[in-house]
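Have a look at the structure below, then the notes.
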Amino acid sequence: MRNLFLFFFSIILLFSCSESKVVKIAGSSTVLPVISQAAEQFRLKHPNIRIIVNAGGSGVGVNQIGEGKLDIGMISRELAQSEIDRYPNTAFQTHDIGRDAVVPVVSSEIYDAGIQALTLAQIGDIYKGDIRNWQALSGPDREILVLDKESSRGTRHVFMSAVFNDKNAAAPGADLVLGSNNEEQTAIVQSDGAIGMLSHAWFNADVKGLSIILADNKAISPTLENIRSSAFPIVRALSLVTNGQPEGDVKLFIDFLLSDTGQQIVEDNGYVRIR
Amino acid sequence: MVMSASARVGKSYVFMSIIISTAIILLILTFLLINSWQAISEIGWGVFSSEWHPAAGKFGILAMIYGSVAVMIIALTIAIPLGIMTAVFTAEVLPAKYRFYVKSMLELLAGIPSIIYGLIGIVFLSVWIEDFFALQSGRTILAGGILLAIMVLPTVITLSDDALHNVPAKYREAARGLGLYPYEVLKSAVLPHAVNDIAGALLLALGRVLGETMAVMLVIGSIDRIPVPFLNTLLPGQTITSKLGREIAETAFGSLEFSALIFMGLLLLVFVLAFTILAQTFFYQPEQRLYE
Amino acid sequence: MSRQLRNRLFLLVSSGAVLLCTAILLFLFSVITWNGINALSPSFLLTASRSFGAEGGIFYQILGSLLMVLTAALICLPLALGAAIYKSEYLKNARLQKASAILIYGLNGIPSVIFGIFGLILFVNILNTGISWFVGAIILAIMMLPTVVLATFQAMNSIPEIYRESARALGLNHWQVVTGVLLPQGFAGAITGLLLGLARAIGETAPIMFIATAFSGIEIPHALNEPVTALPTHILALAQQATDPRALQNAWGASFVLIGLVTLFSITGLISRTKFKTVSQR
Amino acid sequence: MNATAPLKIYQPEATSAIEMRDFNAWFAEAHILRDIRLSFRENRITCLVGPSGSGKSTLIRSINRINDDVGNYNCSGEIRLSNQNILASGNDVAKLRTRVGMVFQKPCVFPTTIAGNVLFGIRHLQKLSRPEKQTIVEENLKAAALWKEVKHRLQDKASSLSLGQQQRLCIARTLAVKPEIILFDEPTASLDPLSSRAIEDLMLSLKEKYTIVFVSHNIQQARRVADDLAFLCAGKLIEYGSSQQLFSNPTQEKTRKYLNEEFCDC
C-alpha cells in the first residue's frame, strides 16, 4: 500500500519538475474532434506544450473564457450580446477556423421512405409539435421522434435561429433532449423515425441529412459545395474564442490550425476549410 | 492535570478532525442555500410551476420533481417486493453454508458503478423497452425506473437479509417448536422483529434512488416536461439529478438559471438527508453500520 | 390443508423472486464479463485513447482514476483517524455523540451529484482553481470520509475497556493511551474503511465530471490545478456514442477494468475486515 | 471399545410413547450420538442426565426434529411415535411438532401480549372465536400455574414478566397446541431456585396428561422429578432405568459416580 503511494507521488514529482506549458481548451462538441486531433499533431511538433481539451458545449466555452478558466473556448455559433455583456472585463476575440452546416437529419428509414427534403416551415411545425406523424409529410405512418439539444449547445442556437428566428426558441414538440453530437447521433441510429439537428460531419449510414426546400422551391442539399458557397441556408462558422489577442503558445496553436496542416484536419473531420 | 505537549497537540488535532468532519455537511448545505438564494428571492413560488425555459425567464421545476418521484415509485415498486422476497429466501430458506457466497455476490453487485448501469441501460434496456412497447424511443421514465430498481436491488436484498438474519434464532426455534410452518414462523415470529430494520433499509434505498444520477441521466430522455396523460411513464422525462448532471456545468456561475438549478439540488439534498437520517437514527440501530 | 398450501405458495413465490434476481445478476455479470474480456488486450490497457476514445486504449484513464482515488485516500486518512479518535475517546456527552453520528451519517447519504456541485461552486468558481484533479481528489476524500470514520470508530470502540484501564494503571496519560493502545487497532479499521471507500470512490462519475476531468489531451497532470482523465467519465463519453461499435467495445473494456478495480478494493477490504475481526476477538 | 458388561435393556412395563432405535446423530464430522436405543414411557417423566457434551440436548432436540434446521446436522436410525417413524422423509415436520412440544433452555417470549403469547401457535392451527380464545388463554395459563399471577394483566407485554413467569408462559403456549409429549431442554437453567421449584412442580402436575422428556444438569432436580433416568456419556447411552433403581443400585460404575456427583471420566 505505502509503496503504491510512493510510486504514484514520485511519478507526479517527476513530471512536475519537467518544464512544460499548458493550453486549456473547452467548449463546443462540434469543434472538439478537430481540436483534439490538431492537438495530437501539434504535440508532435511542440512536445513541451500540452493542450488539454474538454467538451461541454459552446456555452461552456464562452462562460469559462469569461471566468478566466480557459485559454481558448470552442464555439460553433456567434457570440451573443448577452454573453459579451455578462463579462464586461473580457475582451472576447473570435477566430474562425472552418465552416459547417447544421443540417436537419433523419433516421435512414425515413430517408429511404422518401423524405429527403423539407421546408424550414415544415421543420418548424415538427419542432412546435404541430406535425407529429411522418404521414403528414407524405412519409410512412410513423410517429416522429423529435430530438432537441441542451439549450447551451451551439448547434441548437444556429438551428433554432434559422428555423424560428430565435436562437433560444422553445421546442414544445421535442421528445428527447440530448447533449453532444455523439449522443444525438446515437439516438437517431437507435430510432427508425427520428429527426434531429446535427453538423453534417456526423452523417453516417443510419443518419441522413435532409435537403432544405427554399422559397423558390429549390431543394438545397447539404454538400460541401453548398456549404462553401453558403447556398445551404443553415451554415455557421466554427470558431475559437480568446480573451484579447492570442499570445505565445495560444497564438502558436491557432496559427497551426490556420496552416495548411491544420486546415487539412478541418477537412478530414468533414468540415469546410476556410483557407 | 498538566498535559504534555504531545498530548495537547494530539488533542487539538483530533478535535479539529471531528469539527471538520461534522462541519462539511453543514458547509455543503450553506453553500447550496446561499447559491440558491437568488432563485428563491427572485422567482419565489414561481419555481413550483411546470415550464423550464431560461431564455424566457421561466424556471419551473415541477417537471423535474415529477420525474424524480415517478422514477422513485417505479423503482421501489419493483425493488421492494422482489428484494424482500429474495431476502426472505436467503435468510430463512437458504442453508447457512451458502450464505457467505450469496452475500459476497450481493456486495460485488452493489459495488458496480452507476455509470456502468447507465451503459447497460442505453445499450440493452432502453432498446428493449423501445421494441417491446413499440415506441419511437426507449429513453423513458419507465427505463429510468427499471434501471434504478436493478441498481438498488442488491442494497434492498442485503439490508433486508441482515434485518431478518439479526432476529435471534430462539424466536424461530420457539415458533417451530409450536408446529408452525416456515411461512407462519416468518410472518408471526420473525417479521415483527425485523420490520423496523427493514423499514430503515427501505428508507436508505429510497434516498439512494432519489440521488442517483448517471444511470438515470443516460436513459431518461432529459426533457423537462410532465407527461400527458399524467401517468404515462412510457414518455421521456427529467429527474432533478439528470437535469443537474447535464446542465450545471454548462450554466454560467452566478446567473439566475444557475441559482435555480442549485435550488433543485438543495431540495433534493434536504429530502435525501431526511430519509437517510431518519433511517440511520430511528430505524437502523444495531452495530451502527453504514450503508451506501 | 390450506395452511400447507399457503406455505407452499410462499416458498414458490420467494423462490421465484430468487430466480428472477439470479437471472438479473447472471445477465449483468455475463454481459460485462463477456463484452469486457472481448475488448481487453495488453495494448488496450497500455496505450492512450484516440479519436473520442473509439480507438486506442485506456492507459491514462486507469492512471488518472488511481491517482485521484489514492490521493483522496491520503487526504481522508488523517482526518478520519482524528475524527474517530475524538468520537471514540474524548466525546463523552451522549447528545454530542448522537449529533456527530447524525452529521456523519448524513454526509454519507448525500447524493454524489451534490458533491460535484459543491466542488463546482466552492473550488472551481469561488476559489477559482479551474478543473483540477486535486479538487476531484478532495471531493472524493469527503465522500469517503464517513465510511472511514465509522470503520475506525467501530474498531476502536470494540476494544474492551480493560485495555484502556490497564494502560492507565501503568501511568499513561490519555493521549498515550490513545496512541499506544487504540491507534494500532483503529488503524486496522481505518484501512478496512479506506479500501471500502476506495471501491466506492473509484466508480463515481457525478462528483468528478464537472470539476476534475478533461476530455482529451491530458496524460498525467503536471500540476495540482490540471485536469485528469478518469475511467468513469471516459465510459460516460463512450456510452453517449453507443451505436459506434468501436466506441461500444472500448466502453465495455473500460467498464470491465473499472469493475475489476472496484472488486479488487472491496475484496481486499472484506478480507481485511474479517482478518481484523478475528484479531479483536482473540 | 471398553469391554463393559452388556447393557441391560430396560423394559418398561407401561406402554411407551416414543421409541428410539439405533439412533445416531452427527454434526458435520462429529459423531454426537451413537446407537441410542430408548423408549420413553407414557405419562412419565424421563430425565436425561450426563455431563456437558454428552449429547443430551442433541437427543431431545431430535425428537421433534428441531435439529433439522441446524446446519450440518445428520442422523440415522428410527424414532417411532405411535408406531410411525418420524424421521421418514416426507413427514410433515410442522405437524409432528404440534404433537411433540418443546420448552427451551432460555424462556423466549414473543414481543406481544401475554394472551397473544399463549395463542401464538394455536391461532395458526385453527380458527378461533373470541370466547374460545379467552377459554384457551385461561385454561392453559391455569395449567401452567400462571393464571393467578397474570389474570389481571393479560394484555400486558409478555416481556414485563419475570424470567420464571416467562418460562411458565412458554409452557402454557406449548400446552395450548395440545401436544402428546412435551420436551423440556434444561428449562430451569436460567432461573433462580424458587422459580425452578415452580417449574418442577408444574412438570409433576403435567405428567398426568402428558409424556415428559426432560434434560437436566441438576442431579438433585432429577432425583426430585424423574420417574425414569437415562444416563448419557460421550454420545452413548450408559444406563437407563427407573430413577429409584439408578440412584440406589446402578449397574455401571460411571453412573454411580456421576449420580453421586463425583468426578466421572467418560
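By letter and in written order, the chains are A, B, C and D; residue numbering begins at 1 in each of them.
Assume contacts are C-beta pairs under 8 Å (C-beta built on N, C-alpha and C of every residue); 3 or more make two chains touch, one makes a residue touch a chain.
Only a predicted model underlies this, so the values are computations on that prediction, with no experimental measurement involved.
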### Message
Strictly by the touch rule at the top, which chains does subunit C share as contacts with subunit D?
### Response
B
### Two chains joined by the most C-beta pairs in contact, as defined above
B-C
### Task
When you average C-alpha coordinates per chain, which one falls nearest the overall C-alpha average? Tell me, please.
B
### Task
Could you find the chain whose CA centre sits the greatest distance from that of subunit B?
D
### Query
Between subunit A and subunit D, what is the separation of their C-alpha centroids in Å?
82
### Query
Taking each chain's centre as its mean C-alpha position, how far apart are subunit B and subunit D in Å?
50
### Message
Could you work out how far the Cα centre of subunit B sits from that of subunit C, in whole Å?
### Response
17
### Summary
Here the gap between subunit A and subunit C, centre to centre from mean Cα coordinates and rounded to Å, is 35
### Summary
Two or more other chains are touched by the subunit A residues 67, 179, 186, 190
### Task
Note the residues in subunit D that touch 2 or more other chains, in rising order.
124-125
### Message
Could you pull out the residues of subunit C that touch at least 2 other chains?
### Response
3-4, 125, 240, 242
### Query
Any idea which subunit D residues touch subunit B in the complex?
64, 66, 69, 71-72, 94-99, 101-104, 106, 108, 110-112, 120-121, 124-125, 170, 173-174, 177
### Interfacial residue positions of subunit A with respect to subunit B in the complex
56-57, 59-60, 63, 66-67, 86, 142-145, 148, 150-152, 168, 170, 174-179, 186-187, 190-191, 193-194
### Touching residues (chain side subunit C, partner subunit A) in the complex
50-52, 66-67, 70-71, 74, 124-125, 128, 130-131, 191, 214-223, 226-227, 237, 240-244, 247
### Query
How about subunit B: which of its residues touch subunit D in the complex?
95-97, 170-181, 184, 188-189, 192-193
#### Entry: subunit B residues within the subunit C interface of the complex
1, 3-4, 6-7, 10-11, 13-18, 20-22, 24-26, 28, 31-32, 35, 81-83, 85-86, 88-90, 93, 104-105, 107-109, 111-116, 118-120, 122-124, 150, 153, 157, 181-184, 186, 204, 207, 210-214, 218, 241, 244-245, 248-249, 253, 262, 265, 268-269, 272-273, 275-277, 280-281, 287-290, 292
